[in-house]
């Protein structure tokens, strides 16, 4: 298992981690198989996305309106409850196919960390 | 593969299954690797979440309003269609890193089963 | 790793791929384990669902209203941004338990590809 640190630099951000993951796979000498990622946080998540210019901001705009803004009970930060829920919904884990030492993705598909409470350093665990 | 039975005791419930999974890993003697969970139901799902007091109810409140209440076609229980859709959206599967015989999670991160049509016994399959 | 081609025949469609995956597992001679699926596209996703008659259309109706229709920035197809976001939210990957050469699913649970920009041929990668 490898610990990867991803630094976000804005409160909400779609961070492209594709190259970071591929560099790690290269370091590990992985040629073929499945690589599993897991983010050890409750206000960040992992998925894949099209990252044409502006699409990251489109996604954040949609996410901002997706979760209803109710009177939440969370004792420390009720305003952050939608971020927690979004993170649970998108999910903390991702299994990615590896072929010829690279992630096998679609033409426009990138691996992204969804930062919902940054800027922060986030830990992603990679297992092969 | 191990079959784990999780009993929910309310119609909607966020059930913390972290300790149950770790007990199973201990029984299997797993030290390091990736553990895959899968719930064999269409009105329950698996994810991770912050479980500060009240946050489980916050999550259920948000989920209740998330899926639009339309005129659905489902022949047996049209009222349960939002539960089915939510389960598909959150997802039935979860891959979790294991280190030193324990799940490697964030400080506030718990593994949860989202019960959307309880109370019921739910089957979760664990593979290592 | 095996490449599976799934053809959708409508713009939006819930495609049941359960038998297709089981045929592939049979061809590979897989008896027990975990099978990982990954769709290499940004307007399609993988999950499981109840597929009682009409439920596929119910799901598409709900998805259509789930993502807010905002003024998106995407340079080529701003109208498709909700499809991209939905695909990221449902997720591109799925880990499924295999027992006795078959997928171990719930009674009403089917493995589905969610097509959001069809009709199209979609590539799903299967690893065991």
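A, B and C are the chain letters, set down in written order, and residue numbers restart from 1 in every chain.
Please note the rule applied: a contact is a pair of C-beta atoms (placed from the backbone, for glycine too) under 8 Å apart; a residue touches a chain by one contact, two chains touch by 3 or more.
Owing to the predicted nature of the structure, the values given are computational and were not obtained by experimental measurement.
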Copies subunit B and subunit C touch via same or different residues, half shared test: different
Rigid-body rotation angle, subunit C and subunit A, from Cα fit (steps of 5°): 120
Cα-centroid distance, subunit B relative to subunit C, in whole angstrom: 20
Two or more partner chains touched - positions in subunit C: 66, 89, 91, 95
Partner subunit A, residues of subunit B touching it in the complex: 32-34, 47-50, 52-55, 57-59, 61-63, 65-66, 89-91, 94-97, 99, 104-106, 108-109, 112
Contact footprint of subunit B on subunit A as seen in their complex: 1, 36, 38-43, 66-68, 70, 72-76, 78, 81-82, 84-85, 88-89, 91-93, 95, 123, 125, 127
